[in-house]
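Both complexes shown next keep subunit A, but they swap its partner, so subunit B is in the first and subunit C is in the second.
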Partner chain A sequence: MRKLLVLIVAAMVGIAAFGQDVDAIVDAYSENLVFETSRGEAEMLVKNQYGERTIRMIIHTMGKADVLVEYTSRAEQGQKILRSENDIYLYYPDASEIVRLQGAALRQSLQGSDVSYEDLTGGKKLQDTYDIDYISMEGVEGFDTHRLMFVAKSRDVPYPRQELWIDAETYVLRKSKLYSLSGRLIKEVKTLETRLIAGKTVATKVSIVDVLKKDTETVLTYTSLEVDIELDRNLFSLEELTF
Partner chain B sequence: MTIVTLAWRNVWRNKKRSILSFSSVACSCIVITLLFGLITAMSEDLETNLKTHVSGDIRVRNKQFQEHEHLNPLPYFVPNRNEIRSVIENIDGVTVVFPRIVLPVVLLQDSQEGFVIEGVDLTRNEKFRDFSSLLIEGNSLAEGFEDSLEGVIAEGLARKLQVGVGDTITALSGTVYRSSNAMTFTIVGIAWFSSPEINQTRLIVPISHAERLSMMTGGATELLINVENEKNIDQVTGLVTSSLDPMLFEVQKWDEVSSTSVMLNFAAFTYTIIAFVFFLLGSVAIVNTVVMSIFERKLEIGLLGSLGMRTKKIRNIFFLESIFISVIGSCIGLLLGVIMIMVLSITGLNLGGQMQGMSFEFGNVLYPRPNLVVILGLFLYSLSVSALATYIPTRKIVNMQPVDALREE
Partner chain C sequence: MRRFICICILFFLLAGLYAEVTTELSLHSGSGYQRESNTDSLESFGSTGGAAHISFFSNESDMIRPRFELKTTIDYSSMGLVTTFVEVPKLYLKTRMPFSDGYTIRSTSGKETYSWGEGQIYNAADTINGARYASLTDTLGRFDSESFVQEDTKKNQQLDARSVKDGAVWGTGIFFPMGRYSFTEFLVGLPIDIAQGILFSLKEDGNGLNDTQVKFVGAGIDSSRSNRLIGFRTQFKAYEIKTEVGYMYRPFPLAAQQGEHQPFISIQGNLLADLYASNAFHITPEGDFSYDVGAGLFYGTGNFAIVHALDFRVEGLYQSDIEKFHIYSDIGYTYNDIMRFGLNSEMRFSDGYDGVLLNTSYTTDRNGRKSILQLGLLFNTETLVTIYYTGLVSYAF
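So, the complex of A and B:
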């Protein structure tokens, strides 16, 4: 009986210790994703049944919430996406109105890629949105990773269940699988290249596959990335979007 | 006295009964004439609308686009539209090739109303369909001013969106890359299209704008072709097909592009069956008249038989009687039917209320016109059904013995 009690107490202590670990892992992972400011030039290679095409863009970020994407490739030139705290706005150079995306429109594909506008939403602390469980330590393409399972606390998230493999050493995402509420796999994300920038390991080439579509893949590559640079706060305003 | 004269006289022996028989045949003829007049008007209107706004005489599309049309498969467009247009325009019998880009879009407003942008080649718009005659307000799209984002809106769509000349509307569209793009157009004119489906959905813009909006560089969703002589349409279709890559393009004649066309052909077939039933019902009165006559005139049949007239001849008298009734009834019915159609051809038949919520390529207001071939066909059809219906009761006379007929009487 005493032996059993000791085992239970030991197990409880173990769970608490693991819980702390999970928080620390997720915090380190989240921290790795965010810079005070950043400006990157990126290419998005979209492969689908209609062929391949490359979309070029400049991405500005400020903190967790503000993102401005400006397309520079010829076909989309001048189009912009602004993500602020809670909203996503689209700017088209030939339209006099700005589009505020909401509801089902957020599920639309971003320039025909495997990324949806919904994927750009977020910004809240992961622990506030998801219950997170530590699954195991696993090797992914030669890297030791923590395998974590995220289950959403509410329904207002794009992916109610997510499985993440976070590098045990650099806390960069190595792989993730995104699921629907029913547990159906929706997307797979893989980090193909990383770079050390300002002391943080950043994924600079990522593959995204929407498994619900046939023969598609999107590869997002940062060709350059500057961080913690001086950016005007107004860059992320609606006024600036149409300027 | 011939049996024809005898039969004619017999028709008028019981005037009331004969008039009733005429009336039943006439009523059937009126209904059927009107039904056929209506379906002919629908078919003619459909043909005009399809040729003018939907397909031309012949339509060329990307085969894949045709196959996946319901998915708005913009990536499967017709590439190098001007090059292909030149090839087709050199074919004998082709008068004009009209490339265009048709894009389903949504209005960038709270209503998010869906409509269709039709990007047209302004140099060929007038030649293809006399576009300026459709204008009811404002101006048409002018060549050389393609840089300004202007459009002509269909009257029904303008009403739905509550916009007029000088207003702007912003359309959000898909692109050939499966991405999105938006454009704001200033309305410079309002046009009226007889097809409700088109009148409630179209915004006509220069093809260069639709090209930019959909990112369909140098392409078109379809090329519409008009032929010089309708009779040569099969031959020209064959020439167009052979001039293009059969793996890439789908060439269709106007009557192959719309399900409404198939539906109307089916309706015409159904109406033929309905006409048969109507004429059969109309003939019931004639059959009744003949059967009553046979019963009433048994003494006469017996006398004629005993005087040596052959039963076949006696039967023919009764048969001719029914034919006379049928001819008179049909003539009266067809005449009245034609008069009603003539009136409707001037006043028009408004189906607006009945067709609400349905989308067909024919107009809400139909103008039926009398068709001589159809009328002649109906006359012969009515006569045949009546003859068929009265043949059976008159056969009874053949089996009748004169002695039995006299005794029974």
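So, the complex of A and C:
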């Protein structure tokens, strides 16, 4: 009986310790993703069975929620995306039109890539959105990682189940697999390059593969990234979107 | 004329050196048969041609944004008519000035497209472009070979509302921010119509091409609408519903000899499906009153991805002045990230059944190289039956 009690207490302590660890890991991972402000120039290489094309863009961010993307490559020149905490707005210079995306429209592909507009949504604390379980410690391409399973608490998220491999030392994402509610694998994400910026390890080259499509891959590369710079909050506004 | 052409060439060379440039080239073709049962006559029609659209702009400055676009469409029709349409889709200078608390007031001077209200094919609150965009409805009457080229290009892109709003306005717009996600926009259209384009046409009479006609086309191809207008809109979000209210005054809206006051409202939100509705009133100074009211919904399925997805859109519009009710529906199946099959229809009712058009489309987008192929069948109350195909390929670079 005494042994049983000791085992139960030990198990409870262990669970509590693991729980703290998971929170700490997720907090460190989330913290790593966010800067007060940032301005980056990026290239999105979209590969499919018909060839490749490169889409260039400038990405401004402020905190977790505010993102402004402006395409600079010729075919998409002037198109912009504004993400706020609850909305995504698109701007098409040809028609001078603001389109607010909601619901099913968010599932559309971002410029024919493996990324959907839904992937841009978010900004909420991960622990508020998902139940998170620690699976194990695993090696991913030479890096020790924490393997975590995220299960959504509600249905209003793009991916109800996610499996993340987070670097044990730098807390950068090394790999993730995104699943549907039924457990079907939808997308795979891999970090190809990282860079140390302002004391944080940032993924600067990421591969995204939509496994439901045939022979496709999208590689997003930051060619430059400045962080914690002075940005006007009004940069993230409909006025800027339509200028 | 020669001097003008030289100046234009010089301008393009200089603009090309200092501005950024994008170009879109397209080829289009369309043909069909039309049968009128009361005369039992069978008539064929068709046209083929191409278009070049070039844009010069600069995004270097945070305070000034100039843009100039030139588009030329050339078409040869089965009636032996060669038409060349040269237009300036956009020519504007956007400038902004600091206002307060980091906000700026922006003015747009020149020719620019304005998209007010909500709706894809029908938008009752669009008091600038009209409640019905160039759409399938244009073919509900008899095909007009002469205008086929212009309408053809629009019809081929009718699933994309961004491309069918062609009613750019010469004038000045003032954009006044009222927070990060709300604003008021004022618009004044110039009190005189300025030619939107130049149409050259040549008729083949068996001895070659002659009988040149050159005409300036005011207020776009649809010259029944006037650019003369003054109005404003305010856009804001109320309980997660995007709301737009505004007012437009058109001195001579539809060649009528009296002005019209046009208050309007539109909303957009999501409740399982994307829902939107628009409404505009048309009130003359004499107190005559009519209204346009429209609504639509869009729903799509898919495994969090773009492949093997179904989408469905339906829109309705009632125009009280002509007592017509229009219904547009579109069902699309996206096979993969480059191919979409669509079946759309448009029906028009007045006192009774007026017309119906069934249209199938096959759309591909291979990394900027777009192609659209359409097959259609049209019936109307004159028991006119038309079967047609249209095709369009375009490449932007």
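Convention: the second predicted complex is superposed on the first by the 243 of 243 C-alpha atoms of A that agree within 3 Å, B and C clash if a C-alpha of one lies under 4 Å from a C-alpha of the other, contacts with A are read in each partner's own complex, and residues count from 1 in each chain.
One rule holds for everything that comes next: contacts are C-beta pairs under 8 Å (C-beta built on N, C-alpha and C of every residue); 3 or more make two chains touch, one makes a residue touch a chain.
What you see is a predicted model; the values in this text were computed from it and never measured.
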Fit or clash - subunit C, subunit B, common subunit A: clash
Which superposed partner A:T194 touches (first subunit B, second subunit C, both, neither): neither
Subunit B versus subunit C as contact partner of A:T218, first or second or both or neither: neither
Which of subunit B and subunit C A:Y159 touches, first, second, both or neither: second
First, second, both or neither for A:Q79, with subunit B first and subunit C second: first
Which superposed partner A:T61 touches (first subunit B, second subunit C, both, neither): neither
Which superposed partner A:E118 touches (first subunit B, second subunit C, both, neither): second
Touching partner for A:S38 - first (subunit B), second (subunit C), both, neither: neither
Subunit A: partner with more touched residues, subunit B or subunit C: C
Touched partner set for A:S109, first subunit B, second subunit C, both or neither: both
Segment of subunit C that clashes with subunit B, given the candidates 56-64, 74-82, 92-100 or 236-244: 74-82
Intersection of the subunit A residues that touch subunit B with those that touch subunit C: 46, 48, 50, 53, 75, 92, 94-97, 108-109, 112
Residues of subunit A that touch subunit B when the two form their complex: 46, 48, 50, 53, 75-76, 79, 90, 92, 94-97, 99, 108-112
Partner subunit A, residues of subunit B touching it in the complex: 75, 108, 149, 168, 170, 172, 175-184, 212-213, 215
Interfacial residue positions of subunit A with respect to subunit C in the complex: 46, 48, 50-53, 72, 74-75, 77-78, 84, 86-87, 92-98, 100, 102-105, 107-109, 112, 116, 118, 158-159, 178, 180, 184, 186, 210, 212-214, 216, 232-234, 236-239, 242-243
Residues of subunit C that touch subunit A when the two form their complex: 20-22, 57, 59, 65, 67, 94, 96, 102-104, 106, 112-115, 161-163, 165, 175, 177, 179-183, 235, 237, 240, 242, 268-270, 272-274, 298-309, 311, 336-338, 365-368, 396-397
